[in-house]
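Please find the structures below.
First chain A sits with chain B, and in the next complex the same chain sits with chain C.
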Partner chain A sequence: MRDGSPPAGAGEYRALSRLISRIENHPGAAASIIADLWSRTGRARRVGLTGAPGVGKSTLADQLITAARDGGLTVAVIAVDPSSPFSGGAILGDRVRMVRHSGDPGVYIRSMAARAHLGGLAAATRDVAYVLEAFAFDLILVETVGVGQSELEIMRLADTVVVVTAPGFGDAVQTLKAGILEIADVLVVNKADRPGAKETVMQLREMRRLVPHHDAWDVPVVETTASTGAGVADVWEAIRRHGEHLRTSGELEARRGRRAEREVLALVEAALASRVRATVHDRGEPAELLARAKRHEADPHSTAKAILERLIPPEGR
Partner chain B sequence: MAKIGLDGHDRGVKVVARALRDAGFEVVYTGLHRTPEEVAVAAVQEDVDVIGVSILSGAHMALVPPLLDALQARDAGDIKVLVGGVIPEADRAKLRDLGAAAVFDQDASTDAVVDWIRRHGVRSEE
Partner chain C sequence: MRDGSPPAGAGEYRALSRLISRIENHPGAAASIIADLWSRTGRARRVGLTGAPGVGKSTLADQLITAARDGGLTVAVIAVDPSSPFSGGAILGDRVRMVRHSGDPGVYIRSMAARAHLGGLAAATRDVAYVLEAFAFDLILVETVGVGQSELEIMRLADTVVVVTAPGFGDAVQTLKAGILEIADVLVVNKADRPGAKETVMQLREMRRLVPHHDAWDVPVVETTASTGAGVADVWEAIRRHGEHLRTSGELEARRGRRAEREVLALVEAALASRVRATVHDRGEPAELLARAKRHEADPHSTAKAILERLIPPEGR
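Here is the complex of A and B:
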């Protein structure tokens, strides 16, 4: 039932928060956590918000929370901010823009620092999204700064990706270079109250033609002034329409299928890699092969191939 | 790191936030003019180890107890509360008796705050 009441277990935000910390701090803990709550996942609508620093993603998220709450949906937000490459610390400031929802038990907001996650930042956010689904939130909003590859990777967990730009924030061409336009399902030009908004909209409409969307969906370009709320209803409507498109076209199943496959393969790869690293020195042929390479007696490519053949017999044997 | 109450001076709290970041901590900044309830909700949702509140208006005796109560009410009394501001000696002892983990004067060095958090802040995991 979508009556806007807090999700079951919402009173236990403390428990939810602890669970998320465990996933963040101990990648090894995720496996059993996710297995336990798996049967309760899969029902939330997942929307990603990405774009350059300062374009207004958090302010827009705040407005979308309001729109969702008005529509009777409960909302969880994952707000990812970069970590300092020097100290590993971070200042997480997205929450400041969403504070007015603080007293609403139907809204949960969690900041995450990008860190140098062992299993990858994308893996950690993905698992956090599953936890939030299991706590029965209707809408999961994920905000990331659209710069690094790992941030783009996070957006793969979303069903609908909203790419936010603003006039004066690097021209749209730069956005295209970052590979961000290809993943956009909805394009937002925020700060429409600033000069240059119309030009940015036109530029994006032009570029959208050059980058065909991978399925039959006409990517809308929407203008907003998130700080006043103007245009937010149009973004919400575009997100809703895209959701409908995903369902009716079969693209939702396809996307989720691709996502599941990628997740499994990434986990297998990570596990294999750590197993290889843990055992390659032990003894036997792989260790000898490695030792020869270290003595410069064999080249890295042949050595790798030979080790791999010992560890995983090639097909047809 | 949070500012509760009406005073609009966030320079100090931002300096401390940056120092903590540079010392390797993850800092959630909640902005100006927060209520004790808002800070408690943020602290619980973010699962923080320490809350640092800066109160320069002199209203610390009115603002800190509600924050401690709001944490208790959320089963989060184990989150340490560090109070900074213009706080007379007599009030410091009172705040500590009420349950504040530490009280720092506005003039305390940033290093002292970072050092305190490094030594006492990080919660042991169960």
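Here is the complex of A and C:
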């Protein structure tokens, strides 16, 4: 399976799509699906690709898929849409370019639909990544649009994070604000044939110097013109080198360990939060405590403390 | 105190600043501070003001402070900075304009410092708003920069949310993406003397039509040129009218009730989350379960379930 041959026949792709739909539509279904296929996970390479709309991210993704296929790898793409129902259409339209790979059985592309709750989208994406690993894809490319908190959370799924900017977007600064520079392993300045590209590269290098990477990895700043393919090989090489760094430095294990810890804690906290919500809406005493706070008869801190005490009895703490 | 006269002498301002610093620096201190002054809260008008950097938000804030003072109201401003250590300087510089009110004892301006954890910033801002209410300010103006999830959360503190855009920013679309249009009560197109202003107004009106306001309030789109003061009176009037709508429709009670519920649940969930973190790092069995997940020997869902069962014994559920 790890030799670039299609990981599955058409029938297996249908099974894969069904599993993903179940995870998307029934959050409760994920636990048993993931438990069942757990032994087959953990071998894929996960690359995240993010950047503001308009920087040419989809075109670069398309080129990276081609590079991966030329290198003999099978590829699964998770294209994560932002939550707004308005922007979905335009972005999907933009992604139509990737459809040129849709005839290739070694490429599987899945768009994660906009969901009401952003935490839900990140959780679903996390589970879908494991499913794709179990279906033996060599490379999982997670693509998000924008640089908000939810995109940051989704990018943490990746072993290698590629952040794309372009000259004239003021993106370098925007990017910084959302804290994404701190998690970037490869920085790409796309549309490098445009005026201002050199300045953007210099600006990113300078910022990079001010925000050292969390492990001993010198984050490359790569120039591309994805529309012509110029520089794409350099991005692919930077991703490959970062993968090598992860393995030889022990950072891959460390990073995956941190990821597993974040996932476990997020699941425990989500389960507790939903229990809290059920408790305050269903049961007598916590519900009455909350009602008093809603009438401004008690302050939020005292109310929270009282609910907490009823939720977890002292001996349970 | 509700007559526009300074709410306090210089000594009381020092006490106020000390309380706010304690809340910022010692998250555990907030509970007793808020409980102590709770009976004095709930009477101020809370207005949120948000928009992308560069739309002229600070200039508008400055003009609104003047309008409020002319109307005989005392004003407290919470200027919330984004989390990045890099952008802080520039934004504070921009806000220096508001300093012209600093000689006025009826105006108190507080910048909330960047904090490591965004949830922490929203929580601190929430508590500071109550402290300012207790110090009897008539109007509390909460200003945030940008339109990310954290800003959305902070805007939920307000009774009335004013979202500022400007022509040529592509902001109308950016704004939509972050979901802020859904919570806007007043939309302002600033720099209305620039080309494209009419198009931005029309675009916002069209979007507004597609995303109906959650209660029966027809969201006004107001044009301003804050640098000259043109249109500021219309924004002030829109804020006043929305306040009237809130009171007469019963939506003020409803909105404050929802806010209290969100605050209580957030506090309960934060307390549970910190208990989870302490448990998995300190205790034997949950820590060992987490360690297995970190070594990829168990999947996150099964691990979370097992930790949850040890954290809350069945009889405690």
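The rule is simple: the second predicted complex is superposed on the first by the 272 of 317 C-alpha atoms of A that agree within 3 Å, B and C clash if a C-alpha of one lies under 4 Å from a C-alpha of the other, contacts with A are read in each partner's own complex, and residues count from 1 in each chain.
By definition in this document, contacts are C-beta pairs under 8 Å (C-beta built on N, C-alpha and C of every residue); 3 or more make two chains touch, one makes a residue touch a chain.
As the structure is a prediction and not an experimental result, all values here were calculated from the model.
In the superposed model, A:L267 makes contact with chain C only, not with chain B.
In the superposed model, C is the one of chain B and chain C that contacts more residues of chain A.
In the superposed model, A:P300 makes contact with chain C only, not with chain B.
When the two complexes are overlaid on their common chain A, residue A:R110 makes contact with chain B while staying clear of chain C.
By the touch criterion stated above, A:G257 is placed in contact with chain C alone, chain B being left untouched. In the superposition on chain A, A:M202 makes contact with neither chain B nor chain C. Contacts of chain A with chain B, set against its contacts with chain C after fitting on chain A, overlap at residues 83-84, 86-87. Across the complex, chain A is touched by residues 17-18, 20-31, 34, 37-38, 41-42, 44-47, 74-76, 125 of chain B. Within the complex formed with chain B, the residues of chain A that make contact are 13-14, 17-18, 20-21, 25, 83-84, 86-93, 95-96, 99, 102-103, 108-111, 113. Here chain C touches chain A in the complex through residues 30-31, 34-35, 38, 41-42, 82-84, 86-87, 118, 126, 130, 146, 148-150, 173, 176-179, 207, 210, 256-258, 260-261, 263-265, 267-269, 271-273, 275-277, 280, 290, 293-296, 298-305, 307-308, 311-313, 315-317, going by the rule given at the top.
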